[in-house]
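Next come two complexes built around chain A: one with chain B, the other with chain C.
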Partner chain A sequence: MYGIMTGPLRQNVTVNHEQGMHMIPCSRIAQLVRDAACEVRIIRDDQTADARNILDLLMLKAEAGTSLVVESEGDGAELILAKVVKLFDDGFEVDSES
Partner chain B sequence: MKLSDFVVADSILHDLQVGSKEEAIRAMVASMKAAGSVSAEEEESIVNKLLEREKLGSTGIGNGVAVPHTKHPSVDDLVATVAIAKEGVEFESLDGGPVYILFLLISPPDRSGDHLRGLENISRHLRNQKFCSFLRQARNREDIVELLREADNNELDD
Partner chain C sequence: MMIKQGIPVSPGVAIGPAFIMGNEDYRIPQRFVRIDDVENELERLDTAIAQVCEELGEHEQLASENFGKQYGAIFAAHQQLIQDPKMISEIRELIQDKCFSPEYAASKVLEQYAKLFQSLGNQYFAERSADIVDIQHRMLKHLLGERREDLSNLTEPVLILANNLTPSETANLDKEHVLAFATEAGGRTSHTAILAGALEIPAIVGLGEFLSDVSGGEMIIIDGHHGELIIDPDEKVLERYTASRQRHFEEQERLKSYVDLTPELRSGERITLMGNIEFPQEVEHCAERGADGIGLYRTEFLYLQEGKEPTEEVHYQAYCRVIETMQGRPVVIRTLDLGADKIPGALEKVLNQNINPMLGLRSIRLSLQNQPLFKTQLRAILRAALKGDIRIMFPLVSTLKELRQAKMLLSDVMEDLEDEGIEFRRDVPVGMMVEVPSAAILAEEFAREVDFFSIGTNDLIQYTLAVDRADPSVANLYSAGDPAVIRLIRQVVQAAVRENKPVTVCGQMSSEPRFLPLLIGLGIRQVSVTPAMIPELKEVIRSIELPHTVDIANHVAGLDSARDVENYLRGELHKICPIYAVDI
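And then the complex of A and B:
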């Protein structure tokens, strides 16, 4: 079903957490994708972060309301994309504390 | 924003020798108190906030680096310190390894933008292998202050 090579999958997300993407949200993303077989990237304008790398993610400096693109490519790309998007939609499942 | 804008030079510890995460955090906050950047009355409260934050998930983010941080009403501006633990400290890091380089940040509660900018600034430099390698080789506080200055001026870029 996914045997045909296609380009990366992409979905727009908005940072839905009043404190922005501080270290806990970045850690949650990195942990979620750590064991994925595919590439996962978070993109802000012309800046691309490897979703496994917390330092990369912190460098996006994404405050509340920032629009980002989640991109995944490779085995299981569709599933991991949905999981990452859900994490954004759920506000990273964290309180407002740092 | 530059490292020198918020890292308190007099509080830097070039040879942190501790046996645990809590001891590391206590030593770094004590050094900030000694440098006058946090008050003695607030020291324990700040340490407790930092330890509470660690319970939400370790700030040991892998590759021998930890960035313990918290928000606290006793500071008016973002303040930070640096410590180098040459023997390494167990920090429950995400990659399971000890940490050798610690950046500790305290920011005012109502300034999440500054907090993110401080984290971004530190992250940018910690991605630089040369910066991390030189930090771990620092012989004294002055070496670290000089490295921070060089990093601010992009003199360590590959």
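And then the complex of A and C:
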């Protein structure tokens, strides 16, 4: 069971950043996943955005309160998923990144 | 044919092909590239993206340090945006598949995104299209930046058209190939306009939008006398201007005979006729026209040129060059007169938010708050003063306290030099610009504490009439003929005479033939002018008698509008020197 990826990992998140998924939150996600070896996608209903792609992310038009799914697949998928979810949980605080 | 009206800032007529400097309004000079150039163009794109990232990184750091992390984050977001893999591949595809130039491809893709955001129907996202446009501009700036160097490789004479030229761009124009320039932005006494006069090529500024109506290579005429830009002239107009250009050349030849004559009135009084300069090389324009000295050496160019603070040695070398060329004649060095409006780099906009730069931290105020910067300049001046008749002038002094502080710093610098055993001249005359109404009103008090005055009419007019001289929508209020301005000048002269201190007028006003008789009538005996105007003004000086100038000054004192004053002075000039009253 462990160590073998059978499919993408998923986790639900809610946008709690007051201004929604605007430029700065999107750029933080893109920055975080840019060098990751795995695929990271963010999904709103039937719309999927590549998390490396800031323009794609912006196109989700996710305002405050929107429910999204973060999906990751591949090497280190678990860790990156946790990091992305943490960004959402922390409300993309400018200082939240270590 | 199409005629656009702007503000003439440097006289003369030039006729030739247009050369558009597109990066200010982000006009794309070339849409397609040759198929064998595609690889190179892709490389150019990569370089530009890397440069933009680096630039944004610097801005992020600067903004974070100066304004807080939330501001830095904006630039960080832009950095992510420009590196967006999807966007980059879209741009690359257009270059590869359609042979679009990187400028055109990047604009196409970014414009699409900007439009998409606007159509999302959400205020916040719609506003983000501005971010995209900003990125687009940055990309173009870097892509075109390389092309901009082409300007120094010009082989054919051209007339430059641009939205705006920065002072250093203006200064670097190659006079051999640049016959004239015209810009959409700018005002009569903007820095660029002053530099145009210094380069002595015809120039028009403040034309408003016109770049979309002209393309590179099109035949144009720049009429620097009347401020007219003529695009694609018809044959009749072309003929008329060719003749007018010829007359201008002939006039220049005629005036050459004045070089060796002394500037004295017909009634015998000697007028000291000096030149204003900015670049050290301009000093030759003054020397060859027989100037009595340099009445205003603007030192800002030293700061603008490098984009960083000049060293003491850079100052020293520049000053020595000027002094040596003037061979013992006086050189008045004005200390740094930069304003917040001229702070280079992209943070300019942030810094200028919510402040009025003309009333803010500039000039002597900036110097007093940045003492190391100020002291560096003062050290160089005091050292260079060993080589000739150097005088120090503080700009924009508005209170006695400022003047005293500046003089105190000068003493400190002298002490430092003495302690370090460095040679310098101690008895350098110290003067100030009178260009703020408060200084003019308290002229008598100020006169007791300085060795000389120099009236800077450009700023004095601007501050007295509360008119931004660079704003075309109010530029008509800006007039040297305004009775309030003239009365202030009269008061300053009277105060200086009472305290037995010399007073010079060094603004644009003294370079205009019609104002010169009035200034002499008000008691001015020294003027410092645009070097190109020296022969012409000498002719005016040699054509008048002192009593006539006094009559002029007395008559003007009774007029109550700038228009009446200007009309009257034009009429008097016609009596004195008919040739200047007719429009050349």
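Definition applied: the second predicted complex is superposed on the first by the 89 of 98 C-alpha atoms of A that agree within 3 Å, B and C clash if a C-alpha of one lies under 4 Å from a C-alpha of the other, contacts with A are read in each partner's own complex, and residues count from 1 in each chain.
Criterion: a contact is a pair of C-beta atoms (placed from the backbone, for glycine too) under 8 Å apart; a residue touches a chain by one contact, two chains touch by 3 or more.
Here the structure is a predicted model, which is why all the values come from computation and not from measurement.
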item: Chain B versus chain C as contact partner of A:K61, first or second or both or neither; value: both
item: Partner chain in contact with A:M23 - chain B first, chain C second, else both or neither; value: both
item: Which of chain B and chain C A:V13 touches, first, second, both or neither; value: neither
item: Partner chain in contact with A:A51 - chain B first, chain C second, else both or neither; value: neither
item: Chain B versus chain C as contact partner of A:Q31, first or second or both or neither; value: both
item: Chain A positions touched by chain B in one structure and by chain C in the second; value: 19-20, 22-24, 27, 30-31, 54-56, 58-59, 61, 63, 94
item: Chain A residues within the chain C interface of the complex; value: 19-20, 22-24, 26-27, 30-31, 34, 50, 52-56, 58-59, 61, 63, 94-95
item: Complex contact set, residues of chain C against chain A; value: 69-70, 73-74, 76-81, 83-87, 113, 116-117, 120, 122, 124-125, 128, 131
item: Partner chain A, residues of chain B touching it in the complex; value: 53, 56-57, 59, 61-62, 67, 69-71, 94, 107, 112-113, 115-117, 119-120, 123-124, 126-127
item: Residues on chain A engaged by chain B in the complex (per definition of touch); value: 18-24, 27-28, 30-31, 54-56, 58-64, 94, 97-98
